[in-house]
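One chain, subunit A, appears in both complexes that follow, with subunit B as partner in the first and subunit C in the second.
Moving on, here comes the complex of A and B:
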């Protein structure tokens, strides 16, 4: 993956063959049998132990419980794949995953596209004509929602979107569009789209900042040459910006898709999965199954399916990423 | 490009930026209105004066000071603990180049991507068994490990590029591995470690699901959970909601202003790893 920290190891490696390097080697040899590799494993011990207790054991427990019927007290009753079979027929489960796809659109697809255009516009247009200070102010505005706790963002938006006296409805009335007033979060046909809108607002700053950082390593001569050849803004965007920051696009898409599949806080605060399950998502569904219905086995099955989907996606994403990098590396060397 | 074509684009960008910050402005404006003023003029009017009783009432009602203390305590401890754990892991992987490090690293990445839903019930159950349920310590322990997964990943690749000569020179001078770590590797990696501290702090501050499940008593709740639970119960009137929103926004705004450079640079270092 792309290393954005300066001070590459390349220069240092070339210094290896120097006289100083040989002296070091000789010194090490003189010390006799020396196995520097394995003794470092001690440093990994606390981390490995902590991960075992906090991540591995609970994860395996959760998977194990998904094959049982359990209320959280007493002994779990082994039921094999019964929970999974039940899930397949559970329309609530399928609906929650369908809503996940909507969230992927709102939290990954739209922010990536908009973020790309915004980053390119800020970087090579505003930066060039209006100075880096203007860029910094605009970037800060777009990034601001990213530092907000999602619970607080939820409070802000559910009040703005309130049917009575909500700012959005008041605003519509004030500009003479009163006919468009809605119960944004309370209308089952509308709630999912409203939540999507809020998530776009929350998410947009992340790709923007990543892409702007990526654009900084694009050689400005590429743009200058294209401009001399008469390429317009869109052509430069399409033929230079996009291919140049492809690694960033990969990472942002992967990262945001996973975030979208995990989304919980926003749904909890904005709609509690309602109205009538219209905004239910897998994480919220498993949460209520665990703690409100106390069907722990069933909840564990939901979260196991979610986990499998995310891990498969992550593995495929990482694989594609390394392959793309290897290809690029091969071209460069 | 001519000025006539330049300015419409700039104006469009500024309108977009305004849309991003507008919710914050509306909240700030309404948090200082009295209920009477709010119901008379609606949410869009400018405040006639500064009315702070709503904020004061809300602060006392939810014991907001205590929530702030809890959030700072939990996020601060997690940031420190997770950085220490990340440094130890990354030292073994990035500099020690232990056997099978690719697999170890892959394991940490996947652990970081794991949805918390797949851990939450066992963690809830085990913490009850261990007598740690509804303690701030339980949340700290869990998030130290979760954040360290990301920290290990990031630091290991940074340390993988660490100039070997410096380490070898120190070893020749008689420093043991422990001394090399704390006297050389950590000071040289300070910029990355600083970024991690800021990120861990803010991420933990914003966490919702696990603290919601683990911290049920009022005295232990974090800012995020306290506000989220109140909102979920829909007990608040408009003025109260705005007070809550403003008090929730303010700490985030302070982090943002203080750490803006670290945050944006950190994303460049971190997210694109």
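Moving on, here comes the complex of A and C:
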């Protein structure tokens, strides 16, 4: 049942994409010596230059600084790999990376799963029963934390989570659950999970919006056919929704994982890495090493390692995505 | 197909956009000049604070006495200047005069890097050195290694600051408690509040308040030599000596006894201040920088006293006016500093809840301000300003916050706390 329907859907998409692109290219080749692609490349020049000036050059400078001992002013002293060797033995650095993995769960894994379910529920259920306007309002509500500056959201959350008179503890007391009151951001065993909870709230709108956009391009006939064949919501979600929006899932996972690895603002506003380093993350660790301890060389080494890890993850993610798309293309042919 | 004309347009568009991009990256470093007509001034005092009020008046006074000179004042944040000062001062965008934090890790660090102007000659010529007492002057002078207390003048403070016990008179009266005159009376009062279900001390584990309690406890067993050894490297500080051990153990004990809430581990200084303003916390030990705000905002009757049975307390000259090495109008900057040292501005500062360094005592009419200044004079006379615990090495503030949080949560015992602080201190002192 599903297989037949899916094949039809993929076939039509393939026709618009790959084959259409080939035809355009052939058309251009037939036009003779003019190569529009070369001329358009000129328009990429400012962007490329900006990328070079704002990303590549500072990154190379940062990498250079990471091989030195430097306090930010004066003459840097070349120390070779000393900062990296120190980094390898720095328990604080590794602890911050462990916390980053928790952040990946909070900012990529959980929002992707919840975003998927919510998007499908809004699309399939709310949209059908309450209309598109309700869906739009709910989608905007879920997306609101993405629009709020993290500094504002962080301050509001620190009020909510305050141990004395914080809204959350007051609410728990009001409903007779006073025993569950906690020092949400001050307890070292709890603080990381609390920050993770806030980050789930911050992140959820992004996958939701991307997935809803993805769902809109899925051929409704697929769902209709599946429904006619007696497939329930869960089977339709599993066999149609998930495979159809796989590219969006890839993008969201990759984007959110990178965001999680470089998270800074929320930690800065909510806990400043505390209590006792319980919520420290590499970007905040790098920041304090740079600006508080003025160990610029060491801070540069931390941020270089962080950048390399993010780059590798991004490239692996893109490679996997391309491979998955190629495999999909192969199925079509 | 692109015609020749379109191709030219495309190239032109690319060139224009690239030029715009480069222009936007470039900034306006060439727009400033040494014309003697502009004083570029940065400070980070809130407009309604004593210093903010006084500096605003000083700007008016400066403009009156320097016709044709424009003061380009930019209000900055403390963190903003703290984090970016070395980079700004090393660039063409340095102001002519800037307020900056004092201490080895801050002004000392910049002076050692050659980013600040030596003010020694001006301090002598204009008599600023005579106006500042020895304790206040310590943070003005830095040696070649950037250690405060001796050497050239790199900054001028126009006010002083010190810590004190703020207490809620209404709550003390309600529970039949008098103003504590001794340490035992203070702890007895705190016991009484605990018995009544009230946490006596306002605290903020995520910021300076917590480690300042601990440092004050250590200071109550310390003397000038102990402070100089720790802050000025005049000797080897022993982090397991009687004073430090007493400080760490007593602080941990106070958390256990409920004098300090275990739930204040993650709270900020603002939370502690607001808790006192709202009358929820009967006692807050903190600095004179709260004074003006409490006067303006607190609805409860409150008073202050110095930490009982301690010769030393946290305090120093206030933040410094520094003149960047690259300042373009240094003479105007010196003139401005001179105005802030004048009796008129100093008296204004004193009557707005600040601690002036060169005011006319008879001109301070506000009774609370009189008390504030009298307490400072008591401290100055007994050489009791012991600076702040995070000053000795760069990055020590974060270490103290983090380690004190561990002490509060019980994840580190006092001995482990002192080990961690000692290790960070030694590492910081050895740093180039």
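As a convention for this text, the second predicted complex is superposed on the first by the 272 of 333 C-alpha atoms of A that agree within 3 Å, B and C clash if a C-alpha of one lies under 4 Å from a C-alpha of the other, contacts with A are read in each partner's own complex, and residues count from 1 in each chain.
Everything that follows uses one rule, which is that contacts are C-beta pairs under 8 Å (C-beta built on N, C-alpha and C of every residue); 3 or more make two chains touch, one makes a residue touch a chain.
These numbers come from a predicted model, not from an experiment.
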_Just checking: does A:143 make contact with subunit B only, subunit C only, both, or neither of them? Give me first, second, both or neither._
first
_Touch test for A:115: subunit B only (first), subunit C only (second), both, or neither?_
neither
*Just subunit B (first), just subunit C (second), both, or neither: which does A:269 touch?*
first
*Is A:129 in contact with subunit B, with subunit C, with both, or with neither (first, second, both, neither)?*
first
*Looking at the overlay, does A:50 come into contact with subunit B only (first), subunit C only (second), both, or neither?*
both
*Count the residues of subunit A touched by subunit B and by subunit C, then name the partner with the higher count.*
B
*asked:* Once chain A of both complexes is superposed, is A:295 in touch with subunit B (first), subunit C (second), both, or neither?
replied: second
*Which partner does A:183 reach: the first (subunit B), the second (subunit C), both, or neither?*
second
*Go through subunit A and flag every residue that touches subunit B in one model and subunit C in the other.*
36, 39, 42-43, 46, 50, 54, 72, 158, 162, 272, 291
*Complex contacts: residues of subunit B adjacent to subunit A*: 1, 6, 9-10, 13-14, 16-18, 20-21, 23-24, 26-27, 39, 42-44, 85, 88-89, 91-93, 95-99, 104, 106-111, 113-123, 125-126, 141-142, 144-146, 148-149, 152, 157-158, 160-165, 168-169, 172, 177, 181, 191-192, 202, 205-206, 208-209, 212-213, 223-225, 227-228, 231-232, 238, 241-242, 244-245, 248-249, 252-253, 255-256, 260, 263-265, 267-269, 271-273
*asked:* Considering only the defined contacts, which subunit A positions touch subunit B in the complex?
replied: 1-5, 7-9, 12, 15-16, 20-21, 24, 27, 36-44, 46-47, 50-51, 54-55, 57-59, 61-63, 65, 72, 118, 121-122, 125-126, 129-130, 134, 137-145, 147-152, 154-160, 162, 165-167, 170-171, 174, 201, 204-206, 209-210, 213-214, 216, 247-248, 251-252, 255, 258, 261-262, 264-265, 268-269, 272, 282-283, 286-287, 290-291, 296, 299-300, 302-304, 306-307, 310-311, 314-315, 318
*Could you please specify the touching residues of subunit A with respect to subunit C in the complex?*
31, 34, 36, 39, 42-43, 45-46, 49-50, 53-54, 69, 71-74, 77, 158, 162-164, 183-188, 191, 271-277, 288-289, 291-295
*Can you list the residues on subunit C that touch subunit A in the complex?*
1-2, 7, 10-11, 13-14, 17-18, 21-22, 25, 82-83, 86-87, 89-90, 105, 109-110, 113-115, 205-206, 261-268, 271, 275, 280, 394-395, 397-398, 401-403, 405-406, 408-409, 411-412, 428, 431-432
